[in-house]
Amino acid sequence: MARTEQQSNDKFAGRWFWRYASPAAFYPLAGKIENVCWVLACLLTLVGLYVGFFVAPTDATQGEVYRVIFIHVPAAWMAMVIYLAMAFWAGTGLVLGTRLSFMMSHALAPTGAIMAVVALWTGALWGRPTWGTYWVWDARITSTLILFFLYVGYMALAAAFDDKKKGDRASALIALVGAINVPIIYFSVKWWTTLHQGSSVRPGSSSMATTMLWAMLIMTFAFWAYCVAAAMHRLRTQIIERESGSAWLREAVK
Amino acid sequence: MSLRTVAGAVFRREMQLFARRKSDWANPIVFFLIVCSLFPFAVGSESEKLKLIGIGVIFVGALLSAMLSLPRLFDDDARDGSLELMLASSEPLAVLILARITALSLGLGAALTIAAPVFALFYALPFAVAGMLALSVAMAVPTLLLIGAIAAALLVSARGGAILTAVLVLPLTIPTLIFGAGAALKVFYGEPPAAELALQGAFLLLALALCPLAAAAALKISTD
Amino acid sequence: MGRIQGARRIVSLCANLRLEALAAERGGKAVFADVNVDVAAGTLLRVIGPNGAGKTTLLRILAGLGAASAGSARWCGADAVEYRASEAAIFAGHASAMNDALTVAENLSYAAALAGFDSSSSDVRRAMSQLGVEKLINRRFGSLSQGQRKRASLARLLLRTQPGERAWLLDEPFVALDTDTQAQLASLISQELAAGAIVVLTSHQSVTINALKIQELTL
Amino acid sequence: MSLRTVAGAVFRREMQLFARRKSDWANPIVFFLIVCSLFPFAVGSESEKLKLIGIGVIFVGALLSAMLSLPRLFDDDARDGSLELMLASSEPLAVLILARITALSLGLGAALTIAAPVFALFYALPFAVAGMLALSVAMAVPTLLLIGAIAAALLVSARGGAILTAVLVLPLTIPTLIFGAGAALKVFYGEPPAAELALQGAFLLLALALCPLAAAAALKISTD
Amino acid sequence: MGRIQGARRIVSLCANLRLEALAAERGGKAVFADVNVDVAAGTLLRVIGPNGAGKTTLLRILAGLGAASAGSARWCGADAVEYRASEAAIFAGHASAMNDALTVAENLSYAAALAGFDSSSSDVRRAMSQLGVEKLINRRFGSLSQGQRKRASLARLLLRTQPGERAWLLDEPFVALDTDTQAQLASLISQELAAGAIVVLTSHQSVTINALKIQELTL
């Protein structure tokens, strides 16, 4: 395997992205990215939460509970973005056969699933005071749930193979199939709720104060930073796990 | 030896197996029947309540039943080695897979299509709704089998069986479920179901175009 | 399609195998490495080694069913996958490739169709009788004894009418066969070699096979 | 070697397998989750309608999910021949079977018991109902596994797998279903569920007393 | 329980086999009939016959796993099922009786516990090393080669520490083993015979086994 990887890299020698396609080269870089992002995530979260909880005004209709939005919305966004990123790396891995791409999508999946859970969880907690129930079968909410299922399926499939390489490619394929299906599912679900339910409840319709917007923006960047850091951390663990025994790794962790 | 003949041989064998092992198509029907008849016990037997849930129960039951038949597609063949014959054929794998799915759709799909409207009458649904249910089950089963073939192909060399298949397949079939049950619901409420049927058809065609290729790729991955 | 059909025409007239620096791994561990062999038409290649040496792994790579981790295995210059697709190579391993619920005849004609032979039922009958199992032709495969299974699944090798320049890849073909059938199979292999095929064989049993050219590869 | 040690070895191996193949208990939960979330797509999303079917869907979903795990009990062992080790042991087969069912009940039952009340919230059911659902699922899953063991034992040498198991098992679990879902329904309507719970408990004890013996007899028949 | 435990005490001190007018059928057809044999302790009984003669069928009857259609097979006067329950007989057939997901060690100690031996892990290790597979002890059974599987599953025979008056029923035990291991197994069989056991063996391979008393039964 090592040799074929080498060969494919030689073909593209000199291009920087091929250099970093090798786990050996990327391992230290991932470490740097991870550290920077942890710091960013901490700083931005502190600032965001401060602005969100102490600067932004109390909402006219919802009172204080609305402040969940600063966690809820970034988490919901990240759940979607990460799926796309995961599918992208899975596709790259399938086409180019680079080990690192598969590891990248494996590293992203748990973070994405966690983001989906956080969005569901905070949404549910928010729903109780505002709608009087933890859960409604609204299009957006339901699609988040399905997105969570897709993450779970991806991870379960990857874990179902004794042969890691096979698991890589199998789960990559299912990630791509899911990526084609996500928009279809999203619109079907949307259609479904408008079909059956003259829904009166809709998340957030009031126009937002500027400070709220700022807080949300900052928190969104904080979530980005957290997700990148978490993914890089997991990626490094994976590299260590999978490349254990290779010479460069012994060198690197010595 | 032309592609037609090879695909024909695959199709024929599938049909032989159907004829030989009657349980392959009889059991899904009985499973379907049982799922449909469990709900009244758990929900209560008032006919108004049953009418409301009838369409949903029948549709979900049909999908679950088709899904549980998915391991038939490749598992036995992988175990006894005949899958390798198919992989080694010089004809395009996707076409051979399509031949198998077609055979399974004909056998299982027909059985479920006949059973669905009968069960609809148990749930006190009107004739028109029962007819529409038959039509949408007839479209939904092949769609599920096509999508499911990808999962079945991936899982030939993995552990997890029926349940992991469900985890992979069911979320992807939600559109079929929505439009299939939606069409019957429309009829139930006296509205025209054309849009739902069109969308369900579109989804089936899309699956027909993409899934065999994806399943072929999946099979190559998992038997590598 | 076109490419493969082109390849088919080229390779099916040819039997010759070249392994260059071939290496394989299973479960992340190297099984063998740096295997180099040249095999000409009409040669019996015996793959030798203790349990776990990697014989089955090697045969699957030659059959285009497994991937090498380094090096190459080329049949007449073509990739193993292509050679297999050209219907020139037949692999018979531990698994029977036969469905328990179908009869022996049904299983065999399915195998023939997939491998691209137009196999009428008389071909099936001839193949069966060459291995002494014509009486089992309408028995459910699942109801056979171990040796009967092995015989029936080996009949797959004989479906193509004319022997020619092709390859048989046999992983422990003598297992479970009684002594008469072992001798019969050995003579079928000799015939095949004489007609210009390559036979790659692993066996822990010492069955004598007459062949002009015999090569050994120890793993 | 005493009976305790042998049964202990059977139990321990089952737990080792659980630990080794996480999918054995993780996937049924996900299957359960998915079945529970399919119904709203087919029935409609109004919370009133959903409340009505919620209890039924969750209960039937838990039973189906437990049922799909039944092939774990004996199938792998029959295929690789280790079932014969168990048959040949001089200790009573029924006790060894009970050890396996206990292990499966602990692993799977616990998981489903935790999941059921969470799903109840999806269906907008009140807390008290969710709690009662957890309790009756906790009693229903072992009952189903006990009854199901008989079917699983009969089917080890037959074809048909999951579906035929369902056909044999589900009709027998209807009392459990009626009383289990009934208890939750009683709570839903604000009435005391004591009678249903007592009956469900009685049914579990009966299954505990009879099923291992029947399963042992079944296993001897089917492996003869 | 009481009855079986009683039976256990009687038969476990004894190895002696008597077949009287034994007959069997498979799928409604007679496989063999009127088999009469008397086998004393310390004897190797070779069951001989072409594929499909009924050797496996016979061994399963002797092991108490299959039913005869007529006649009787008695071990020291007891029924085959009882003899087996007395933990005096070990059957090793085509199936490995090992779970793919567990390690070799886990599989072996489970087998030992079920057969009623108190098998510490050092016993497992000794049994494994007698078949030359101690390195595989922590490998998942599913990841072994054919020969490694066979070796590991044969280690089941050696779990009990002292050889004694008991029976091994071996259906094609040499299949898939490499030549060294075949010889090793043959000598283990000889030891077992010398200690007073009965070994019933089918094999299409000609492996020499040293034994004072050898009987042949042709089906």
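Going in written order, the chains are labelled A, B, C, D and E, and every chain counts its residues from 1.
Throughout what follows, a contact is a pair of C-beta atoms (placed from the backbone, for glycine too) under 8 Å apart; a residue touches a chain by one contact, two chains touch by 3 or more.
Because the structure is a prediction, the values reported are computed rather than measured.
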| item | value |
| --- | --- |
| Required minimum of steps from subunit A to subunit D, each step between chains that touch | 1 |
| Chain at maximum distance from subunit E, centres defined as averaged CA atoms | A |
| Where subunit B and subunit E are represented by their mean Cα positions, the distance between them in whole Å | 46 |
| Whole-Å gap separating subunit A and subunit B, where each centre is the average of the chain's CA atoms | 32 |
| Centre-to-centre distance between subunit C and subunit B (centres being mean Cα positions), rounded to whole Å | 37 |
| Contacts with two or more other chains, residues of subunit C listed in rising order | 27, 94, 101 |
| Multi-partner residues of subunit D (at least 2 other chains) | 21, 23, 27, 30, 34, 41, 44, 159 |
| Subunit A residues counted as touching two or more neighbouring chains | 149, 152-153, 156, 160, 162-163, 189, 192, 196 |
| Residue ranges of subunit A in contact with subunit B within the complex | 146, 149-150, 152-153, 156-157, 160-161, 163, 166-167, 169-170, 173-174, 177-178, 180-181, 184-185, 188-189, 191-192, 195-196 |
| Contact footprint of subunit B on subunit C as seen in their complex | 1, 4-5, 8, 63-67, 84-87, 91, 93-102, 106-107, 109-111, 113-118 |
| Interfacial residue positions of subunit A with respect to subunit E in the complex | 162 |
| Touch list for subunit E against partner subunit A, complex | 140, 142-143 |
| Interface residues, subunit E side, partner subunit C - complex | 26-27, 49-52, 56, 94, 143-148, 150-151, 172, 175-182, 204-206 |
